[in-house]
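Okay, structure first, notes after.
Letters A, B, C and D mark the chains as written, and numbering starts fresh at 1 in each.
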Amino acid sequence: MKKETRLTFASDYMEGAHPLILRRLAETNAEKTAGYGLDEYSESAREKIRAACRTPEAAVFFLAGGTQTNAVMIDAFLRPWQGVIAAQSGHISVHEAGAIEFGSHKVLTLPHRAGKLTAEAIRKCMEAYLQDANHDHTVMPGMVYLSQPTEYGTLYSLKELEAISAVCRDADMRLYVDGARLAYALATTENDVSLPDLARLCDAFYIGGTKLGALCGEALVIPNPALDRDFRYIQKQHGARTAKGRLVGVQFAELLRDGLYAEIAHREDRLAAKLSAGLEALGYALLAPTQTNQVFPILPDADAAAIADRYTGGFWQREDETHSVVRFCISWATPEEAVDGLLEALREVRG
Amino acid sequence: MKKETRLTFASDYMEGAHPLILRRLAETNAEKTAGYGLDEYSESAREKIRAACRTPEAAVFFLAGGTQTNAVMIDAFLRPWQGVIAAQSGHISVHEAGAIEFGSHKVLTLPHRAGKLTAEAIRKCMEAYLQDANHDHTVMPGMVYLSQPTEYGTLYSLKELEAISAVCRDADMRLYVDGARLAYALATTENDVSLPDLARLCDAFYIGGTKLGALCGEALVIPNPALDRDFRYIQKQHGARTAKGRLVGVQFAELLRDGLYAEIAHREDRLAAKLSAGLEALGYALLAPTQTNQVFPILPDADAAAIADRYTGGFWQREDETHSVVRFCISWATPEEAVDGLLEALREVRG
Amino acid sequence: MKKETRLTFASDYMEGAHPLILRRLAETNAEKTAGYGLDEYSESAREKIRAACRTPEAAVFFLAGGTQTNAVMIDAFLRPWQGVIAAQSGHISVHEAGAIEFGSHKVLTLPHRAGKLTAEAIRKCMEAYLQDANHDHTVMPGMVYLSQPTEYGTLYSLKELEAISAVCRDADMRLYVDGARLAYALATTENDVSLPDLARLCDAFYIGGTKLGALCGEALVIPNPALDRDFRYIQKQHGARTAKGRLVGVQFAELLRDGLYAEIAHREDRLAAKLSAGLEALGYALLAPTQTNQVFPILPDADAAAIADRYTGGFWQREDETHSVVRFCISWATPEEAVDGLLEALREVRG
Amino acid sequence: MKKETRLTFASDYMEGAHPLILRRLAETNAEKTAGYGLDEYSESAREKIRAACRTPEAAVFFLAGGTQTNAVMIDAFLRPWQGVIAAQSGHISVHEAGAIEFGSHKVLTLPHRAGKLTAEAIRKCMEAYLQDANHDHTVMPGMVYLSQPTEYGTLYSLKELEAISAVCRDADMRLYVDGARLAYALATTENDVSLPDLARLCDAFYIGGTKLGALCGEALVIPNPALDRDFRYIQKQHGARTAKGRLVGVQFAELLRDGLYAEIAHREDRLAAKLSAGLEALGYALLAPTQTNQVFPILPDADAAAIADRYTGGFWQREDETHSVVRFCISWATPEEAVDGLLEALREVRG
């Protein structure tokens, strides 16, 4: 266990908090507040989120991390025998160690394209369930789980999201969007889905903090208060209410105060676009188009090895005998020079 | 939701972090570290804990909060059909909203005295199970849950803990100690149970951070590494692994670096003793003897009302028509003048 | 493992099925029917139950056994974080090996008198929950579980049941009655609670078959069809739908065809009353008044030992150093001579 | 809901019990026996099973149905965060309504051929898990689930099963075989896997009764008693212990007494082979080769419609716009004339 000295792009949660967040925590540190999210900072953050989503009635909850948020949310909306439809690449399908099944729910996986599901595939899945004369022997789809951006950094367009939302409402299924990196979606020019759109089209979604520059914390939004009868109970049963609730509240209040949230994401998206364009210019193919702060080039293993003492990314998947997909993430702390340096190093390798 | 302007003793987690902890978070903020507790700060904190417990082989895990820690720990040691013996006043019995049952375990409650169980009562409970010819129709006790200090602020003596440990080992039950406020036990002169004693007598225990001056975080210790085959898996399944694991790691490394942990607790225990003695001098009876940072006087409702615009505690339970038990907690941020002021205010009321 | 040659009163499920039931199974054996309870015999039994309860709209489900029925029912009505209020002596509290906790529910136990709860105690329990400012840290009572007759063979009167039902409806809690031995309640002259009363006052109850003379099977009734949205799904998730659903359906159709159900129970209640009166005449005290088919005398251990080669009951609990409570159950197969013989044997012992 | 008058081949559990089983239930009906499987009939059946498997030490349990048996077994062997590998067509993958997830386990599905998995695919799945540096974020494969015969009626050869068993032992995974229709496998000449082979190669398997001619009941075998520490506890927690345990015990004792088990299966396999050959002679293709008592022809919808007033099968899946796969099952009660009649009717349709 030694210190990381290389410039690593392995993930976007390797540093602490954005300095403004840390400063705000220090400024408010000595004040006494109520526990469990009943403090004024949490309430202020909730108000800012309601305003940004244009849903003055929305229920907003703060949680410590993404897996926890997904597991509690799915349990809050579904009965134990209902399942949740997700892409085979969805975080809940592959990277949550059974957290959804811990709440008794099957994850009903569908094939994806660059991490995305289609309204048509969801509709057919529900149709197959309903047409099965013995469907009480199978798991009832009760919810659709999407991520925006997806695990591949790609985006649902407004049109795609509207189509999925319509299918869900027709079929009386809940629609839930995992926004661990939502800021990166909101900040990019390619995106046409706003927070009010999410609030209008989804039954719940979360605005991620951990991967954006908070020490920890995610903000879950349930736009329609009629759907929030149960969340706080299941949140406590999951051990997912923080005693010093202000810790997450203060951070979100700061992120949303003067546009810090958009500012961080905008810069990171821009650097990712620069890196992506540079990699393509060097002749590297991408696993998926770069739309947010993650870039997925297919690199020859030799090239990756040649720069490994100075620059690293995160292994994503093996492509063939001599190539791998590597994930490069930009975080709030990644300097532009690091991007330039990485491209320069690869340029030398390509010779 | 307005700011708290009164001097409130309602709990010990109403302020942020101890200033030294916050400073350390700032100092280390820009460094890149691995996620999920694999960073060097978490490892350093683990080493300090192993040293303090004199268990170089112990497994140590960091979690965000107490209910979460209890639920994950109990799930890690027990099979789903096994239950956990606890006092009727135990945190897992009454204040965790079904978190233990969420893992399928029954909490097998026993009567308590000032929050404490006896070795004899535990032995009889296990004996009754074994003597029942149909015991496979009942829940098998697989673990004993204690808290040190208890929910009443009281302490198990070394002798009591040794007796309970012996009963557990005879009966092949695990012994687990909830140390949400463990520092307050360790720092008081009345205590004769050290960290190495806990490590020797228990199968697991946690050292609390949240109620001691951390922003969040608890450190779970499993002294015998042979008993730690499963924790990290169930921790992830519970959504209880923090992406920026350094957040808790840095805090515990700081708490344990130069004795800050003991220093905070020692001061708070001393103030609680001062408050307790002052209340008794004023003629108030106590629900339980004051041994750590919590004081439980039985106050006439009139007295509490008379000072309520300046000083408040936390309602604990109704005693009779005109009296209630109130909990006064001392935190790292409680100034000695607040204790003096509270006593003075009550002295005026008593006239 | 040798054959039982003594006359044992240990339980009421030691023989196979009442001969008329067995005959009916043979008569219908060769017919082809749909599986999973969709057959005409199950439907016929459902119709008979609806008629007897005067609830033409009721949902009726057949299950294989009592623990299974309780666990599925409680899961169907409650959300995972809700608990169920029961007597400390309730079957779900002590004899189901954690089956209720397997569905994540806490059993909230209250003291009992001869197995019975009072409306007042239930009301206070709910009131305490609601008055607790932090009640989202505790388990929400969502249902009340009673048994009629109770585990002590005692009966709720109509007045008592009406009071409990009113408390439940005021507090928006479901009321569920475990009727493992319901026939014995219905058949006794002391009883004033009819099936239509149960259907009017409860949200669900089951009519037991196993302990009445069926090979297996219980009939769960949900009088208000608006409350039955979910049962069949959770029933399958629990593995509690029988492929050859006719097995239970045929048996209940027969039990309810010409009053066999009442006839069996009436005879057994009468024999229990005879046994009870005889025991009291011999000077034995009873743990609880005999109201149905179970008798609970407090016997000197010497007396029990003296007849043990000819007559046995079931050990219930130790009373003191030299006495135990023994349970004598009457089943459909207990001949009247066995009751006479048991009394005669004890008379000789008493000398 | 009207009586079935057509000759239906929809499933093999549409009639009651084989007459010899029913006779034996009647013969033993009046005897008193201990409950919950502790009776002498259950013990006798267990002994017969141990003898047939040549595992004198095996633990044997009786349960009421297949989904229940699978769910309890998987819970008994796995920790909650471990998953079970199964074919995408496996019963636990698609037809148990979330029963496995109810125990918190993910079903890790792999592609199949005619319902079968390969040792190689299982090995690769485990290898991928172990090679993933972050595998504690994914579900640990802890068990492999097969069915013999499969849901398509096909068989694993001894060589295939040995290869799978070797992979499981190398990887410290349990191997479990669902034998809902095991008799049909054992009785066919194509099969080379005996009960002693299953006992040698698997950690658990069950011998199905419901689909073979019992009223209900499955016999679970755990050949190595060291692996049976927990089953009876989790069985009760699932509500899966039958009070009148003799009901299943008597049936299995009879099935195994004089070879009735093999005799029933042998006849049904033969009729299925006759039906299969006849269908192929008429030019119908099969979805999978006929190896046991189920036949899966791909029928033009017009042909099925033409005979639907006299003969029906069970819809399996749609093949194309004008064809469907239909399942024809042979049961203990299917007369040979029904097979002849079905073929004759189709011959007329084919003209």
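Assume a residue touches a chain if its C-beta (ideal position, glycine included) is under 8 Å from a C-beta of that chain, and two chains touch if they have at least 3 such contacts.
Please read these numbers as outputs of a predicted model, since none were measured by experiment.
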Between A-B and B-C, the pair joined by more C-beta contacts: A-B
Centroid-based (C-alpha) most distant chain relative to subunit B: D
Averaged-CA centre spacing for the pair subunit C and subunit A, given as whole angstrom: 51
Distance from subunit C to subunit B - Cα centre to Cα centre, in angstrom: 42
Distance from the mean Cα position of subunit B to that of subunit A, given in whole angstrom: 34
Residues of subunit A whose C-beta touches two or more other chains: 80-81, 96-98, 102, 104, 136-137, 233, 236-237
Subunit B-touching residues of subunit C, taken from the complex the two chains share: 80-81, 83, 94-98, 101-102, 104-107, 133-134, 136-139, 315
Contacting residues of subunit B [partner subunit A, same complex]: 1-4, 8, 11, 13-17, 19, 22, 25-26, 28-35, 38-40, 43, 64-72, 96-99, 102, 210-211, 215-216, 233, 236-244, 246-247, 333
Touching residues (chain side subunit D, partner subunit B) in the complex: 75, 79-82, 103-104, 136-137, 140, 230, 232-234, 236-237
